[in-house]
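Note that chain A is present in both complexes that follow, paired respectively with chain B and with chain C.
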Partner chain A sequence: MNRFLPLILAFLTAACGTISLLAFPQEVAAQAAPAAADQKHAGLDPYKANCASCHAIGGGKTVGPDLKGLKDRVPSRDWVVQFVKDPAGMIAKDAYAKELRAAYPMDMPGQPSLPDNTLADIIDFIFAGGPGLAQKALRAATEADVEIGRQLFTGEKMLAGGGPACVSCHSIAGLGGLGGGTLAAGVGAMNPDLTHAFTRNGGEAGVRAALSSPQFLVMKQVFADKPMSEDEIVALTAYLGERSRQPRQDQNRDYFIVYGVIGAVLLLLLLDLVWIRRFRNVRKTLVGESQ
Partner chain B sequence: MNVRSQISMVFHLDKCIGCHTCSVACKNIWTDRKGTEYMWFNNVETKPGTGYPTQWEDQGKYHGGWEVSGDKLRLRSTGKGRIVTNIFHNPHLPTMDDYYEPWTYKYEDLFNAPAGTDQPTAMPISKVTGKYIDIKAGPNWDDDLGGSPIYAANDPNLSGLGEEQRQQLQALERLVLFYFPRICNHCLNPACVASCPSGALYKRGEDGIVLINQKRCRAWRSCVAACPYKKTYYNWSTGKSEKCLLCYPRLETGQAPACFHSCVGRIRYLGVLLYDADRIAEIAKLPADKLVEAQREIILDPNDPNVIAEARRCGVHESVIESAQKSPVYKFVKVWKIALPPHIEYRTLPMLFYVPPLLPVLGQTDNNVYENGQDVAAIFHPFDQQRVPMKYLANLFACGDEGKIRYVLRKLMAVRAFKRAATVGDIPMATALQALSQADSSDSEAEDIYRMTALPTFAQRFVIPPMHREEAIEAFKDPQDHKREVGFGFTASPKRGL
Partner chain C sequence: MNNFPLPIAAAPAGLPIDDVLFVVVPYVVLALFFVMTIWRYVKDKFSYSSFSSQFLENQHQFWGSVPWHYGILALVAGHLIGFLFPREVLWWNAVPARLYIMETGALIFGVTALVGLVNLIIRRAINERIRAVTSRMDVLILVLLLLQVLSGLYVALFTRWGTSWFAGVLSPYLWSLFTLRPDASAVALLPWSIKLHILGAYAIFGVFPFTRLVHVLVVPNHYLWRRAQVVMWNVRKNSTGGGK
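Our next item is the complex of A and B:
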């Protein structure tokens, strides 16, 4: 509940018409730190590309922990390097890593292929408190965004950047009929059904971040050069948020079979009607043997 | 005029004794192979009856043959569009049950049974499943009396008969039957050829025999559905359809087809007819009551100098023209007009003709004496009193026109009266001659009919033309080379697929 408290407060503030809700604390933090630095930090771009979808600096915890004050929390800089390269290995042997893992919904995806100097830049950047990381304030969602988000999800409305509609690979509660796609399951996503993605992925901030620069195996590549616009991210997040408040029901898959069977029976009946006068038999009918 | 030659047939039903020797001869030569168990290129049906396959004459069920739609002739079973929609399932095929489930007997039981007080029996075994079967039907079920009155009562040719007439046909005193042997009619306008999507069926140019190319057949089975006489059959083993080939390998060597050769009653005649191929499309569309006459019309007189000249121009060989002049079929069909095509209303213009049978007269008891009725000096009965209704024969051979049947039967009767007057003398010759003139005949014609019916020699019954295969082969290669290169049997056995 305390995660929503700032949101509610922010809505009230937004009524005054100036600051967007989530960005409110972030903006303060982000703007305060790099005010003097005109020079762009070397770690800024790689951080955005690789970390920002799950971690904020000073923006509160999303999918992963807030990296503000990381320097003071971790045992050493080397610990961070090792953790980024092989999170699973660290979780297995390191007590602090294990403790962190317990507090968050998923393993951090390892980045073993990240070049050492880039990683060093990123860590410098984080330790410096994220200078220049202008957490752009996305506007607050409105009632209309939920409907727009639904249309974007189902593909009724195309994504401006040309990316595929969510429904191609994902399902969600309330689609009705045959439900959504199942391709996400095929590439190892933990849960292709996005009904509760909102709660799983760190609420509004987390989902917005995840959509801004997706880190998921396939989505990362699919959306690499077809990013979603800010309005789309807001709308989709609003829709996912609205869905997550629906009562839990995971029935979509079963309906598929039921609809399939009904459809097949109807098709057979139709074929029978179309060829109602087809040849069946002559002799059996004649002598009354036909059933 | 486009003169072509056609080997045609006449079956004289008055002479058929229903012995099935023809069927057995054919079966032994052509259809004793795997996949052909149920096929009878030649079968003999007992009429009234439903035949083989059951009720094959009911095209409302089997959709065989042609129908006129507008000013066009179209197949009932298929068409250019329908062949696509039915490509994976042809909806008009008879089922195995409509033919019959072929069977044999477990003969070894006759030898292996242990000694006992009763006779060992050979139980019937299905040739399909190899298990004991309860035989439900056969290719000659009507004659085997294996069914019931149901079969005879449901003969499609009984349509147009009153309820009373149908009831009388069932009465024991009136019970009547005749035999109806059937082979492929080698039609002038064959529905099977028209229906084949692969172009595997063809009518041989030189003699009009309709054949299925076993290499081109792709098992669509359109011909099975399209043939109104149900005389093409599907071989499940080779995946090809097969049909009567009029024993063309025998014909090419001057022998009559096996069913003709073996015919005990000598009912079968074979010879060449010349016809005008240009007029086929036109006459096949005529109203049903004009079809019999029209078909007779396009059969040309082989003695007419004009026809001979045209035939020469169209490449009909001199020896074939000579053969046509001696053809017994020409006499039966065109000169004497006593042979009629079966069910010409299917519009395939069958080239097998039947002389309809004179059947026993209605019995009546007069003063407790069983009388056969009286007519020409009380020896021959009036054929209108035949047990089988005239309408029935008309449905079978004349599109329902009883007049055509009457014409034939009157002539057959007059010939008998004439010969009776000449040989026995208990009918006055004047009465006989009067009967002949009433029957549109003369004493010389009656003598000819008598000789061709009762005393024909082998060579008179079967006038087989030289087949001139060399002429057909010449179109493709040197006949001498061909003769050296072909051997006996298949160069490649029929095989499924392309």
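Our next item is the complex of A and C:
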């Protein structure tokens, strides 16, 4: 058998190499393709993917400042590049950056690995006033949206794009039962309880923008190809707004493990019952005799 | 001031180490799994089994083998359903009560599997006859399985609700592997406990062909419905030379 081991290893290496070669170029091609589409600005898509959930261009301030007229406000183009790559570093040493930070509710996440040419496209796009960026305001929320939002949150009404319901990873006041998910707690410092997310995220405009192109760690990846519809964003925002007026509630989470242990004990008893005639005495005698 | 540090996807998503662990490793493991499993069947057919675990002694074995196998089979089936039918799982979970039933059910099987596995490990450690036929690979696979069940229980308890986010995060990742468009970007951002559970699964698949786990492929299914049988010695033990 050892004779053939090198052969097998060679095969494995070859298989892996081939698969990697097969796989990775497809990704590159898939990313490059949209840029060639008609005549839209090269910075539009990367702007939407990386900036739009916290910034508007001409739509007013949300979680972050409105980027309209950015060109005239900043000291230089290079200042923008440095700020995007390392906001914390800039805030520490630059007076204007410090002033901006004080005026908004949260740190801007740095984008140190955004490719230079993509960042250049994005800055061109912002300096040009965001050509082609749909500025259509989402419709106003109605009373009915709160209930629809609750159903979307719990999953009673499924997201049309196929994304998992909020409750998969988040909790919120008033859920009942065993409460909501806690995965969100594991992927960052964020509180997975979204009861007060509305106020934390800059109110209606902020939450709507955040849901339009989620930038939160796992959500960004999960919802990249499963975007929420306008109605879903409006309804969820309305529901989060309504919930933010409630006090936070501790969910009955601890019962989960209790139910699990009790259930396991019952299952073990059931197994014992099913095999109640398992010839205990016969076997005991046989084993005893053989020893 | 910033009492709410948002875990926004800052750019270093997808470090090379994550690509290695969650893209290269699964392909290597898959190749290893299929090639070596077939190789062992062709070259060493009679090793396709579990070595004796003294099943005539079933005072202890019953509380190990039975809970372990029922627990783990239910869990493996659950993971497979999540992988194959993510939308249907989300549909089932759409009613909160159904989500809680599914999660609690999975947890029950998890605890049951843990009870069974711990019993099997204890029995293997204290029973001389079993220790005598225990190989290093048996020890390795038991350790891997124990780690896997423990990490699975940790994930179930502390990163809820797994049945839902599995459908949203892990099912697309696994499909990306099988369709040769590997995308580990979402997995790279998951907490270490889930990553450990995924890597544990790869480790088990990787060592599968070298361990007693191959018995999964030749499981005597008719044991499930055949009538119980009594094994009897028809010669006196003195004449057999057997026993201790």
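Basically, the second predicted complex is superposed on the first by the 205 of 291 C-alpha atoms of A that agree within 3 Å, B and C clash if a C-alpha of one lies under 4 Å from a C-alpha of the other, contacts with A are read in each partner's own complex, and residues count from 1 in each chain.
Note that contacts are C-beta pairs under 8 Å (C-beta built on N, C-alpha and C of every residue); 3 or more make two chains touch, one makes a residue touch a chain.
Everything quoted here is computed from the prediction, not taken from an experiment.
Asks: Considering only touches as defined above, state whether A:F216 meets chain B (first), chain C (second), both or neither.
Replies: The answer is second: A:F216 touches chain C but not chain B.
Asks: For A:G260, is the partner it touches chain B (first), chain C (second), both, or none of the two (neither)?
Replies: So A:G260 only meets chain C here.
Asks: Just checking: does A:W275 make contact with chain B only, chain C only, both, or neither of them? Give me first, second, both or neither.
Replies: both
Asks: Please indicate which partner A:L178 is in contact with in the superposed arrangement: first for chain B, second for chain C, both, or neither.
Replies: second
Asks: More residues of chain A are touched by which chain, chain B or chain C?
Replies: Of chain B and chain C, the partner in contact with more residues of chain A is C.
Asks: Given the touch rule stated above, what does A:P75 touch, chain B (first), chain C (second), both, or neither?
Replies: In the superposition, A:P75 touches no partner, neither chain B nor chain C.
Asks: Once the structures are superposed on A, label A:P109 by its partner contacts, choosing first (chain B), second (chain C), both or neither.
Replies: In the superposition, A:P109 contacts chain C only.
Asks: Can you pull the chain A residues that chain B and chain C both touch?
Replies: In the superposed arrangement, which is not itself an observed complex, chain A uses residues 275, 278-280, 282-284, 286-287, 289 for both chain B and chain C.
Asks: Residue numbers of chain B touching chain A in their complex, please.
Replies: That would be residues 50, 53-55, 58, 61-63, 91-95, 97-98, 136-137, 147-148, 150-151, 154 of chain B.
Asks: Taking the touch rule as given, give the residues of chain A at its contact with chain B in the complex, in rising order.
Replies: Interface residues on chain A, with respect to chain B: 275, 278-284, 286-287, 289.
Asks: Mind pulling up the chain C residues that touch chain A in the complex?
Replies: 1-2, 4-13, 23-24, 27-28, 31-32, 35-36, 39, 43-44, 56-59, 62-63, 66-67, 70, 87, 90-91, 93-97, 99-100, 103-105, 107-112, 115, 157-162, 164-165, 167-169, 172, 180-183, 185-186, 189-191, 193-194, 228, 230-233, 237, 242-244
Asks: Which of the residues in chain A come into contact with chain C in the complex?
Replies: Result: residues 1, 4, 8, 11-12, 15-16, 19-20, 22-23, 26-27, 54, 102, 105-107, 109-114, 154-158, 162-165, 167-169, 175-178, 180-183, 185-191, 200, 215-218, 220-222, 253, 256-257, 259-261, 263-264, 267-268, 271, 275, 277-280, 282-284, 286-287, 289-291 of chain A touch chain C.
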